[in-house]
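You will see two complexes here that share chain A, one where it goes with chain B and one where it goes with chain C.
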Partner chain A sequence: MDIGFIGQHLVNGLMQGMIYSLVAVGFTLFFGVLDVIKFSHGDVLMVGVFAGLTAFFGLDALGIENPYILVIAIILFSTALMALLGIVIAKILILPLKGAPPLNILLITLMLGTLLRESVRLFYPNGSNSKAFPAILPTDSFTWGNFSLRLDSVMLFVAGAAVIVGTYTLINRTRLGLAIRAVAQDEETARTMGINFGFIVLFTFALGSAIAAFAGVMNGFYYNEINFSMGLLLGAVGFSAAIIGGLGNLYGAILGGFLFAGLQTLAAAALPFSSSYKDVFAFAVVIALMAWRPTGLIAEKAYARV
Partner chain B sequence: MKQIFRIASILALGALAVTATNGMANAKDKVTVGYIGPITGKVSAHGIAGRNSADLAINLRNQDPNSKYEYELVALDDECKPNIGIQVATKMATDKHVSGAVTHFCSAVATGAVRIYHQFHLPVVVWGAISPSVTYGNDYKEIHRTIGTLTSQNKVAVDFLTGLGYKKYVVIYDTTDYGKGHLEAFANDLLATDGELLEAYGVAADQQDFTAELTKAKSLNPEVIYFAGLSDLGIRVRNQMEKLGIEAQFAGVSGIISDTFIDGTTASEGSLAMRQGAPVEVMPGGPEFIKKYADADYKDPAEAYGVYAYAAMNVLLDAVEEAGPDRQAITKALNTMPAKEYSIGMVEFDDHGQNVNSLVTPLVVQDGAWVTWDESEYASGKRTLKGK
Partner chain C sequence: MTNRTGLIVENATTGYDSADVLYGVSLNAEPGKITCLLGSNGAGKSTLVRLILGLTPARLGRVSFNGRDITRMQTHKVISEGIACIPEGRMVFSKCTVEENLLLGGYGEKDDALLTKRMKTVYDLFPRLAERKQQLAGTMSGGEQAMVSIGRGLMSEPSLLIIDEPSLGLSPLLVKENFKIIKEINERGISILLIEQNVRQTLAIAHYGYVLTQGKVVAAGTAQELLKDETMHAAYFG
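And then the complex of A and B:
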């Protein structure tokens, strides 16, 4: 295989890895702060991207054509709305069940995911069909032999990286982040230190859901197609990525996301079996990794949480 | 009372004499042929239309002075239910007076019943069921089918695409029976041409990302990416081809034909697809069938598939004409039947008894709509496909 194709596979894998990592970051935030696994995360992503599409239609109807204004407006509307949805979910479903067995939260968010998915399918106009996501980013492409890189992909990748760096900075370099880490480490002590526990939980859910919405919009701009069931696989992959990285660890989520995409790309591009087995291969490796390192590749340390 | 009995006896004898004289005048043996379809139940409209059309074929044949036999129809109802289908198929197959039959509209019924026909050596021509497994799921010599299968469009696709001059193909198929069936048919049909299948990639029916498969495909430099699956997946494949800068022509099976495909893709213009079937009006013998059906004054309309039952019955009757009423002779005649034109177009059975010439219409996306190829600006040369 020539270097151009290897580069192409690498770029494909990096783009996917970025999307997976963003989803995994959400899982890891929720688990870090509240020890909950929110299975509706992938579907929140999907609702976010449909919200972004709706914003686009609205702006389009108003006659706004500048692509940069459109892109920023889509992202802002989608992330803000999903942050709000995250708060509502945390307030109504997660916090009241805090003392209940973890299985209850797992089940309730699983059902919430189905509810969100089916609602979009049934109530969004023509929701059961795939929708074209607007291709408004510049499509100039750089071609070198068999390697082709589009400007929109580069922009999306940089934006995704910026979101991850921003989240990292927020958690590790700000007072708010310190409070989140404090809650993650020990809820009781954090409370006695005067940290507003309820606010921190709601903020974390807003942040995680907004990142999911961003990942969804990024996915939409990258593939130019969205559908009501897109959150299912992304949720499963994001969750697995968070687990192999080490649930509750931000680095782990990022590592897990890129690792998963790398495994899929490797399976499809380089291994001798049919590419239809790429998910089988990637998940099988995840199972093997989990058997080897049950707490994830980056073993959890109490102080490293979130 | 005695008087009445005597009159009745005389009348009966008279009737017998008339029949005998008629028989002598025509010197034709009677041959019984069967029809099975859903005459009652949810899809009874099709079953009744099929029965009427089969009946029409028999009546017309009986009026033909050149036919060697006089035909009689036995029609049974499978209700479109597999269990009932097995019962009536057994009833028909074990009736030694029945020489052959035209059977089934519902695939689930036909799939189960073909074994019975094979067991009792009853030659049948399936008229309405389109699942590939009816003919391709077995090696039964008794089973034939005039209507196309889900996958028979691939022969037309291969002929059409190679006719346009495309030689190098990559297939992306979903790994359900639907996608796999199309791949097998396409690959098989391509062997008979100078086209080359470079590689086929199986993908999950809910897969989102195809960049890995498409990057591999790109490295093979195909002229056509042929997609076998449904529109959702087709949209993603088409969009991601664009993203990776793949300049190959995109063509798909009938599963992608929908407005969703056009609405969902960023670059649908010029995409090709094969539509299964054609309206009866444009079939070679369609208008003639419509007229004869109307003249026969049946109470119920012929529906979309009546013409298929009509053609299937004509195929069977032609085999009887050639081979006589013996079941095995009819089977042999059907299996060696040369290609011949019927109301639905050419009928030519392959070694599974499947008619290889099914009506398929190539379509192309032009200005945001699926347009029949022949009427498109691509066919007229005003616009060009990829690589042309």
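And then the complex of A and C:
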């Protein structure tokens, strides 16, 4: 094994880990404030990517070519639209069902996911086929021996890290974040403090959905290909990552995301079977981990739960 | 200027699911006074608190505060009218620090300077909290958590403070200490609605009181009157 091979896998693993972590953060936020599992999360991500692609076509038709303007516009459009979708989902489907058994919310969001997925497949022009996602980030690369690191990968990774740090800061260092943590710990007492519970829930759903859209766009820029069912696997992985870390725990979600990507990378690079088994391997290890630590790797520490 | 009539509950009936817990309860917590609500377990005391705060909606009746109808208000709006609550069982945010708990108590106030000033007042009242502002509330003793909960209730500078069973789960010494502090808070001009089971200590500091039995007010009067009231003795001691 040479350094270039290891390096390539490392970069790929880190990028995957970042994407998974971002998806897992959403699951953990929703579970934190409302104790619900929102299974449409992966599909919201997918809709976000398609929204980004649409924004790109729109700007392209207007003749805008500056890649930075395009990238920023794609990200802003996608995240803003999904934040809005998150609010609509919370307002129409989740909050009215607050007193209902959690299984109902699970089922409803599962169906919503299918609805979103099938809608994109049926109504997006030529939606059942994969689409090329624009490769507009600079692809200059730095080369050391036979290992080359592309500038676009670095930019995506840094942007993803910034989103995670930003979310962490928001949750742990701001007044709004304090209110989110209070609601996560004890909804009624939080309301008794004068916190507008409904607003906190809507904000959290907007935030989680926007982060998912960002993860999707990041995924699109990295692989330059998207399709209507991409949210299924990303949703399942993000959910597993949140569970391994300990649902409701922000650090756990991030750790879980990177751990899952690490397992996939290990399977693809170092294990003696075909890399197409990487998901099988990673999920099998997750199952084993869950049997060993049913509440997640990080025992819920006092300060950690959002 | 709103008129200072304090808290008025008129003919409130409410409950959970199909069962009513309160039947036509009326009471008045006058401004500047300590009003107490006595009753044994299951009398409906906490339900009345939930009703006032808008956590459990009223089925019938009306709740008003300083002349404003708060019957159907959402909880955070009720709080912004100038009501604060020290909930039963203290209910500190155990995974937040002492300082964060206090900040949550003053959540409606956006002026940082004002919050810092109020926090200083709380630390003056409970110097021990000042020493431990960075400690997670969940790792503190019951007595310390009681201080956090009381301090948190003061952070919004409420005009009415509802205190739900402050003596629950505390040692007799701490209970005594707590009642002393409640009296002090009242002397600073904050009206208090004190929910308690502990008759003698409560009536020793309260101005006026109500006795709740099985969801109905069975006796009301000044503290001295209640001490002599036979209905109350019957309600308590059967």
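Keep in mind that, in the parts below, the second predicted complex is superposed on the first by the 303 of 306 C-alpha atoms of A that agree within 3 Å, B and C clash if a C-alpha of one lies under 4 Å from a C-alpha of the other, contacts with A are read in each partner's own complex, and residues count from 1 in each chain.
Everything that follows uses one rule, which is that a residue touches a chain if its C-beta (ideal position, glycine included) is under 8 Å from a C-beta of that chain, and two chains touch if they have at least 3 such contacts.
Keep in mind it's a predicted model, so treat the numbers as computed, not measured.
Undergrad: Please tell me, clash or fit, for chain B and chain C sharing chain A in the overlay.
TA: fit
Undergrad: Quick one: classify A:T192 as touching chain B (first), chain C (second), both or neither.
TA: second
Undergrad: Quick check on the superposed pair: does A:T143 touch chain B, chain C, both, or neither? Answer first, second, both or neither.
TA: first
Undergrad: In the overlay, work out which of chain B or chain C sits against more residues of chain A.
TA: More residues of chain A are touched by B.
Undergrad: In the superposed arrangement, does A:R175 touch chain B (first), chain C (second), both or neither?
TA: In the superposed model, A:R175 contacts chain C only, not chain B.
Undergrad: Once the shared chain is lined up, is A:S229 touching chain B (first), chain C (second), both, or neither of them?
TA: So A:S229 only meets chain B here.
Undergrad: For A:H9, select first, second, both or neither according to whether it touches chain B, chain C, the two together, or no partner.
TA: first
Undergrad: Considering only C-alpha centres, what angle arises at chain A between the directions to chain B and chain C, nearest 10 degrees?
TA: 150
Undergrad: Report the closest approach of chain B and chain C over their C-alpha atoms in the superposed model, as a whole number of Å.
TA: In the combined three-chain model, chain B comes within 39 Å of chain C at the C-alpha level.
Undergrad: Which residues would you name on chain A as touching chain B in one complex and chain C in the other?
TA: none
Undergrad: In their complex, what parts of chain A are in touch with chain C?
TA: For this pair, the touching residues of chain A are 175, 178-179, 181-182, 185-186, 188-198, 302-305.
Undergrad: Flag every residue of chain C that touches chain A in the complex, lowest number first.
TA: Going by the criterion above, the answer is residues 53, 55, 74-76, 79-80, 85, 87, 91, 93-96, 100, 103-105, 107-108, 136, 138-139, 152, 156.
Undergrad: What part of chain B is in contact with chain A in the complex they form?
TA: Checking each residue of chain B against chain A gives 175, 201-204, 206, 208-209, 211-213, 215-216, 218-219, 231-232, 235-236, 239-240, 242-245, 260, 263-266.
Undergrad: Okay, in this complex, where on chain A does chain B touch?
TA: Against chain B, the touching part of chain A is residues 1-2, 5, 8-9, 12-13, 15-16, 129-132, 135, 141, 143, 146, 148, 150, 153, 219, 222-225, 227, 229-230, 232-234, 264-265, 268-269, 274-276, 278-279.
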